[in-house]
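Chain IDs A, B, C and D follow the sequence of writing; residue 1 opens each chain.
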Amino acid sequence: MSASFEKGYNALKEQVDSTVAAFFSSCVHCGMCADACLFYTETGAPERTPIHKTEPLRRVWKQEYTLLGRIGKLFGIGEKVTDEMMEQWETLVYDSCTLCGRCTMICPVGNDIAGMIRKTREGMAAAGHAPPGLIGATKRAITIGSPMGVKLPALQAQIAHVEKDSGMKIPLDVEGADYMLLLSSMEIMNFPEFIDAVAKIFKHANVSWTISSEAFEATNSGIQIGASDIAAELVQRIVDAAAKLKVKNVISPECGHAYMAIRWDGPNLIGKSYDFKVVHILELLDDLRQQGRLKINGRLKERLTYHDPCQIARRGGVIDEPRNLIGMFADNFVEMPETGKMNWCCGAGGGVSSNERADEIRLQVFQRKKDQLDAIHVDGIISACSNCRIHLEDGLEEYHMEIPLLSLTETLAENLEES
Amino acid sequence: MSDASLPQFNIQIGNDLTWNVQPILHEIRHALRKLLETGESSIIDLRSIPLAPGEEETIIDTLGCGEVHAKLNALGPSEIYETRFTGVWLITHFNEESSIIGRFIEITRFPDILKSQHEDMTIALDQLEQELEHASLSDQNETEAETNT
Amino acid sequence: MTNDLSRKDKTLGETLRSQGISRRSFLKFCAATASMMALPPSMIPTIANALEKARRPSVIWLSFQECTGCTESLTRAHTATVESLIFDSISLDYHHTLQAAAGHAAEAAREAAMEENNGKYLLVVDGSIPLDNPGYSTIAGISNYDMLMDTARGAAAIISVGTCAAFGGIPHAKPNPTGAVSVSDIIKDKPIINVPGCPPIPVVITGVLTHFLTFGTIPELDNLGRPKTFYGQSIHDRCYRRPFYDKGLFAETFDDEGARLGWCLYKLGCKGPTSYNACATTKWNGGVSFPIEAGHPCLGCSEPDFWDGGGFYKAISMPTENITKTTIYAAAAGVAVGVAVGATGRMKKASASKAHQKVTIDDLEK
Amino acid sequence: MTETELLTWVRGPGFQIATIIFVLGIMLRLFEILMLGRKANLAEAKGSEMSSGLRTVFSRTIPDASTFKRSAFTVTAGYIFHIGLFVVIFLFAPHILLFKDIIGFGWPALPSTVIDATAVITIITLVIVLVHRLRDPVKRFLSNFDDYLGWFVTILPLITGYIAFHRIGMSAPSLIAIHILSVELLMVVFPFTKLMHMFTLILARWYNGAISGYRGVQS
């Protein structure tokens, strides 16, 4: 078996529903989504206008699901989707879109353009027009268990390291724990401090938790590439592990699309509601704050801002929680000019960071973030997504800016009262 | 049928509907200035302009009455008078049944129709001469008769 | 309307003078005539000059499928003095309602006038001509069609008086049982002046006659063959109630406050905006009033097929048929077709799901 | 065909045909969309779909400050011609009569001089909008036949209406007939072009609001 145009076309046919039909019927080509997309504003290339990226899906809708289009198709009239056309769209759909959803937020007729691009990727992936980088990551996620190739021994080594440094016990495969923590490969490989921070906070707040050795990976390449079958398999691993450990809650870590995958897409991918709850680490922390279970020791004087990861804030619904938490320890917090649900993407989400081909453009469009940061002059940027964090660091370096990047969870842990 | 049983209609007149009164008055003003400056006369046919009920009266009331008032009797009566604005004349022609057959505002030193007409004067002269001839003849006859007695 | 040859050779000026009419009276007559013909007062000297020299033309008046309303209108022309002068200055040689002669004598008069003035007489027609069956309307056993064709042949020009002669009028209204047509439908080789109206304003009829008499030419006509001097502007444009239209003040019924206050009658079906006639300025009954001034919407009687315009009391912007029903049925049909088409779309989607082959990591590349 | 016959035709059978295609087409398109349905969301909701959807239907009319700044022309011109169209179509006395005839009730009209001025502003704005569409790189790139057809059939009734109102060039019955005919063209084309956004944007905005609202974000 292999990818084929027919499979891709069929996938696009599957993706059309009443929302897609309503969206395409409503688009008046006003071009406002271009102004909301950093891939357009920073490059000025009209073909990067968000709605244009959905063209393969639009053509399928028009030719298969509208009376006029169907009649036209009978007579061979109308724009067809071809394999060549899909190939042409590959860089638009994958390299020039982070699925950040800012276009969705401003479209005057209310089109969920990001959602439509996500659906378009289903067809692209099935037709074999996904970027090689993403295909590789997806293969690793399935075969190895992590898109970055992190295996259990690597995690065990990091845990041992943390345990040795902090003297705390990291609970692995503890049955009946309240919370099961997921981690992103990046946290395991680049930011093991995160594990330390979580352990410290949970100890401080007396939270019963564990990590599963069978499903610790939170990221989901299937979501990014647009292969629901693969995404479902990755979600199922977590669902199975949660069932095995009989946990009540699963924690999505500081990663944007992981939250989207496990919290919002997961049940729909596996076609079944969960027996457990999914919370983002920030939601849980804010919950603990509300319960008075977090005691802060001292406050930070630095001028700090918060970068909203798109999938957590705009697409995920976690907007107030990080601000509540930052308010606990920061004296001098400033918002970026456009923030919360209107924040600008860092430029590397939605699989763009796994796609080496897009390295140049993701750094080019970072200009958008730079402009936002230039407007507020901060001493530190807090975020809650390790992918954002890595790319922000890359971008700052590229543009010769020196602003430290902080993880919200880690910063909070550092400022906890010693117990 | 008594008046009370009829629906009461209150057709609006006066300022609310005078969409042609002011323009006509201004037209008269311009015509009067032209008369003063170039000596050229103008005529406005009031019946060629759409007027609401009462508008014609408003115009006539505004113009008022001046010093000269003349009556003509030619194919029915005609009323010609100078308004209180010297040089602006109102000419109303009636037919023999006393209905108006034409109404004009003439801006002129003296309306043409009042002037004695050449053709009429020719006839008048003829007639006068004839009558005088006739009179002198009869005078002669009378004298002769007197002489004869 | 005597027909003595001695008068026929005189000019109008000579005729008037011989009747002892003064020059001043003549000037007054010319002023009234100019006003009647809706010509600017500056034209009075020209009219005087032309009328002075005008000779009496012979006029033949044919009445076909008509109600005599046009003749009634004409004989009630208010400017009695002027009319009598005009009629004194034409030679109405045939008009079966007005002439004293009847039967064979009348037809003989017509034939004599045609022969004597061949190529010069003026033909006036009121009423439409039935083409279905000539028997629908005949005069002295002659079908309207034959009489018209015969009389038109030697005419200098034809004046179609009334909407029936000009556009077919009420006999032409649906379903047009007699196959009625207008004069211009069957006569193509003569100048035709249409003077529509049901009836036309009397001074408009005399105005057109006077124009012909005065200038010996046909007045400037619009695309429907109507003299522009009288039919050049719509009732709406010259209506004294127009300011109410512009302000959006309308009578909604015939006895509401708006009707009492004399507001615009558009909503009551007034056809003023699409009707061209002189009613709003010339008015009727000696300039006393006209339908809108009397509180009734214009019917548009000077326009072709005004009977079939979808109802006298339906505003121009309203559809002529019941659209509510159409809308409901179309909506119901739309829902049905939409559901049907949507259902096939749904089936297509379901079969696409069925045809779905699971995408594994081996299926990401070709 | 005389001009009165033409006027009677466009007011009668012509309007019937146009109404049938217009209403049938709109219902067809709406149900064609709705029948496709969408899957129930199995994830645990964080907010209400309904209230967020309804709010977005209205709130999307007003852009946020930064979006307005970025797309100032599109938004401003869009506002002007949409409001202009609304005023001209729905607040002109003769038009209200048409609606009253169909739905049984009317509403107060604006003075025709106001309508006249609004029509002029709307026509000018639509012309500027077209020029902008032809010159702006994004709009020019995105635009297809549908966009230009939609523009054309929208401005046409405005122009013919303006000409009919002022009786320029032809007699009133012809001008009014042409105006009504141009509206009928608009009605016939409406359901099968972008113009459908007038109705589908309610669905689209609701879906948008619902998708976001379910996740606890007010879009």
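Keep in mind that, in the parts below, contacts are C-beta pairs under 8 Å (C-beta built on N, C-alpha and C of every residue); 3 or more make two chains touch, one makes a residue touch a chain.
Quick caveat, the model's predicted, so the values are computed rather than measured.
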**OP:** Count the C-beta pairs in contact for A-D and for B-C, then report the pair with the higher count.
**Re:** A-D
**OP:** Report, in whole Å, the distance between the mean C-alpha point of subunit B and the mean C-alpha point of subunit C.
**Re:** 34
**OP:** Report the inter-chain centroid distance for subunit A and subunit B in whole angstrom, where each centroid is the mean of the CA atoms.
**Re:** 96
Original post:
Quick one: subunit B and subunit D, Cα centre-to-centre, how many Å?
Top reply: 61
Subject >> subunit B residues counted as touching two or more neighbouring chains >> reply: none
**OP:** Spell out, as numbers or ranges, the residues of subunit C touching 2 or more other chains.
**Re:** 341, 345, 349
Original post:
subunit D: which residues touch two or more other chains?
Top reply: 28-29, 32-37
Subject >> Full enumeration of touching chain pairs >> reply: A-C, A-D, B-C, C-D
**OP:** Within their complex, state which residues of subunit C touch subunit D.
**Re:** 167, 222-224, 234, 236-237, 245-248, 250, 266-267, 273-276, 303-306, 308-310, 314-321, 323-324, 326-327, 329-331, 333-335, 337-339, 341-343, 345-346, 349
Subject >> In the complex with subunit A, residue positions of subunit C that touch it >> reply: 341, 345, 348-349, 352-353, 355-366
Original post:
Within the complex, which stretch of subunit C touches subunit B?
Top reply: 17, 21-25, 27-29, 31-32, 34-36, 38, 40-42, 44, 78-82, 238-243, 255, 260-262, 280-282, 286-287, 293, 295
**OP:** Report the residues of subunit A in contact with subunit D in the complex, numbered from low to high.
**Re:** 16-23, 25-32, 34-36, 40-41, 44, 46-47, 49, 51-52, 65-68, 104-112, 115, 263-268, 271-274, 277-278, 313-317, 319, 337-338, 341-342
Subject >> Contact set on subunit B toward subunit C in their complex >> reply: 7-12, 17, 19, 43-45, 47-53, 55, 72, 74-76, 78, 91, 93, 95-97, 99-102, 104, 112-113, 117-120
